[in-house]
């Protein structure tokens, strides 16, 4: 809530303004973790997470200093591959998501009305500037999701509920400001190459045997704290056949993410718009893969990665770096991670 | 321009729709570099830049593989310091800049109307999700500017003009999609400590002797391709006394940026909302420092860095990593770089 | 959902796209009116409304052709008073509400790149244009609320629930596209003048006796279908002392709105930011007046009216006209009604 | 510029903040009317307008009290026809224009955290509310343009220039807050019926003889101050064949608007997305009709009117009412005028 708006209204003794960030204000904090209401029949509480009841970092806890040092050692050439796709309003988006930008060059006109305007700008140095206005959601393009993006019913990771977490301006837990910079080992798993295809089929369920086979083919083994990036080839449709791209996707099945959770990887990413096969393994459980990853495992996910350059260059191990804007309470960030090798 | 909007209108034989990205459409491309009109009296063309007439990467060209490898070698402990500040609508902003986010939890309601809704969500797994709508400019918070953000009159870096570069959706040159991931050596220059102050004064002009003195005190020398981050202490006002924070700032003077340009550094950042002293050295030339950096030198700048942790820990050399969302045509990105040491 | 986004995704046999306007798509319609769950202890269903179970027009049903003709007859001079306040980002707003506009003059630059640009514009007629980008809510400024803006628990007017009504893009019932143009008799009730004050006190509860007294003083009687506009004088704080303006307000109490409902008026408006006293009559029931008006009575409300000119001119009866933009699913419209006399 | 942003920055003695509304701030006002630079060869200054050099109301000056009284007398039945179309993100838009709305129901969650929450809402009355966030331009849907929307080169109505008029937040002249409520006589001119067609052809130039013929057929004569609404039948494509709808349109030619200017009408509207034929009469002068209307004549225009009901009912004379939200500096308003008869 803006300060200009944050005039504290005392209404019948009740403060209605709330402070952004949740430090203060009229809204009480709420903690529903001990009261596991609202679970579907047969569902058991999945919390506390293995990282503790108060954890918000999930699988990023796996990235220890030792993991970082191990990753650093992979850089041999000092070269970088960009894993992000360019985002604009035409790039394919999940239904309901949008992104729009408008240039603001009004300073080129208004600066001419300054008392010391000169020629075409302000001051003897004729300065001018251009900005932009953007409107949309961060759930678009190459994106890093917050583990708070998805819920089971009204429950988040670690058992928090919508009532506990949601503010008008975003999430008071799990917002992107809680996600640290990520520097770790990256592993590209080229499942498409392993299967001898340029592009896996829509709905193809990537299994443990695909992971093992692809890694064996590449001569690479997974380690704790890895950023595991799956190349399915599906991303080759981006910008070329967006309707097909959005109509479904191949992706890791439930058995595979169980394996990755066991192996304590830090991130699972892919060249698809979601993670997991669409249609999914169980027609009665839509988007079960990312839901399980985020809510139960606290396992971070990356979507719409540009993995094709790494695959073409057969770079399977690298230093993975990902920093993002820390916008408070956001459920995702538009990103462009990099592979350094 | 959205595809849905991109219906090509043939008006009197003239196509009025333009394709985003500039690949096609009714607008001709324009190149005013050879015609140096509009310069103030006594101004000489500053182009082509030392990186070539067609260059858009400016000082980031200094980051060669050798530079990357040198930076990689600085990581000894595998630890990371986050250099970004959290952004929300209350954080201090330059007049006219804004940022607003609203949570979207409508899926928690609409999913209940799906044919196979169960309990509180969709499917037997009761999935729900939350997103956000954001509106604002990327010229806020900890930010990486495009070198296209500032102009001299109507001229950009390398002599392009507003006519050449501006589209309704942003910039067709120098947009953030043209800025690569950044992995290089970072150097913190603690000028505040060198001057024996917690915070340099407003308008203090950081000179070459301050740089040299601070580096000598730290026992560090600059190299080509460095990300040079200046700790002025001014950032301690952020969120505590925003009015004072925005009222001015200390910063590098013209002689210092000339030196840094000579030394071929890749980035100059600070814990201030702009770069350079405000009020400036020459009252008739407002914001001359960033203008010179971006337009004439192609030297990239970073604002509102959280340098205090590095300063407190006396970490003066480190691996600097910065990746950002590649939103087409934007003049900046909200970022949070990291120092790995 | 945009058509460009409305690619129908068949996921496990489930359509996830929904058509805006509710004509089609994967979401079923829902009707919870017959199942009065979720009411507080002791609360009785308030539906169906007196205008029928399917009604969305509420008190605007009172405006019959005869009412219109009666109102038309009040115009004697052909003069008009504007009852709207100018809206910008600085005008006072309820906490959490915002409004921001940015000019878009990019056409002045891009038109110069058309093949037949001439001088400073497009074509021999040198045409250019300017637009704007706006971001915010319609719940600001002089506004006409939808009766769907407020709920009791999760129930709307006529017993609909949030599950029934909410779409990602707005409300599928009671959106501003369902509100017809309003042409009826307007009556200004100058309660401030009746009480001998320039401005009623914060929290002052306007009672039936105030209405009767003020009308008697004015020599005017209410009729079915009237737009009743209350001048409290509170609006004189707008733009002069916004903190006080937003800190509370005088307004009609519950007995008065009961009387107005009996008299079958069509609209109740005031020169305050909400309707009803703040603090309210019952400290345990915040904003009970507009809640009762919208949810139980279907009585439309108007906020932040500029009533001072009518009061100063002692114009107490007039033709009231109000047309508004029909944005689908919106909970309010920013308006500027007019009094013709 | 928001107050929260309006911290007056004194930079080298220069105030960079500007107050919205132009009351104060660091930007000087500018008046280029006396210096007619920048006109194309052979162009003569078109200012001052016939309403005076300082006028902003243009043709709305024609609506005198006598005109209003004459219009009032046309209401015989007390019935109303709505002339507005519903606007959402799917309705057809000119390339580059957009509109997006997202529901905000966060109060249904956050209210549960108030100290005195009860059941599903706040207080014993369990109050909740819903709002929306909208992003887009007002240059969409059924719209009333400001006469400041279009320019000749950099010149507006009455000779003002872009330098004089443009602020970062909109226009300091001709914004929608300067447009008064409109109550006048409306005349539907059914040119389609006169020509014996359901829909005039794309590019059809409606001439003076069409106007005269249609009026004669209808038995109606124009008067000063009229709102002249042309039914071309083109609006029947809206929402049915948007691609054709946007591909061009029939409309009044230059001779016809000259005639209407002579007759001193107040408004010219149509059931098309612009006013005037597309392709136009002169292929070298795109959009010459609205440009001439707004910039030279100050004649207000209305687009995307829903004229079909009036045409079907053969209602050719009526009371025309149009009120709109007074958003400061906007170039248009989304509206829904009404015909009362």
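By written order: A, B, C and D. Residues from 1 in each chain.
One rule holds for everything that comes next: a contact is a pair of C-beta atoms (placed from the backbone, for glycine too) under 8 Å apart; a residue touches a chain by one contact, two chains touch by 3 or more.
In this text, all values refer to a predicted model and were calculated from it rather than measured experimentally.
Novice: Would you mind checking the shortest number of contact hops between chain B and chain D?
Specialist: Counted as steps through touching chains, the separation is 1.
Novice: Name the chain pair with more contacting C-beta pairs, choosing from C-D and A-D.
Specialist: If we tally the C-beta pairs in contact for C-D and A-D, the bigger total goes to C-D.
Novice: Looking at C-alpha means, what's the farthest chain from chain D?
Specialist: Greatest centre separation from chain D goes to chain A.
Novice: Mind checking the centre-to-centre distance between chain A and chain C? Centres are C-alpha means, answer in whole Å.
Specialist: Each chain reduced to its C-alpha mean, chain A and chain C end up 39 Å apart.
Novice: Hey, how far is the Cα centre of chain C from the one of chain D, in Å?
Specialist: 22
Novice: If you average the Cα atoms of chain A and of chain D to get two centres, how far apart are those centres in Å?
Specialist: Roughly 42 Å, centre to centre.
Novice: Can you pull out the residues of chain A that are in contact with at least two other chains?
Specialist: Residues 1-4, 12, 14, 18, 97-98, 100, 102-106, 109, 116, 122-123, 133, 135-136, 162, 166-168, 282, 284-287 of chain A each touch two or more of the other chains.
Novice: Which residues of chain C touch chain D in their complex?
Specialist: Listed in rising order, the residues of chain C that touch chain D are 1-3, 20-21, 38, 40, 64-69, 72, 75, 77-80, 82, 84-90, 97, 99-105, 108, 116, 118-139, 141-142, 148-154, 162, 166-171, 177, 180-181, 183, 282, 284-288, 291, 319, 321-338, 340.
Novice: Where on chain C is chain B touching in the complex?
Specialist: 2-4, 12, 14, 18, 26-30, 98, 100, 104, 106-107, 109-110, 112-116, 122-123, 135-136, 162-163, 166-168
Novice: Quick one: in the complex, what on chain B touches chain D?
Specialist: Going by the criterion above, the answer is residues 1-2, 5-7, 9-14, 16-18, 93-98, 102-106, 109, 133, 135, 168, 242-243, 246-248, 278-280, 282-284, 286-287.
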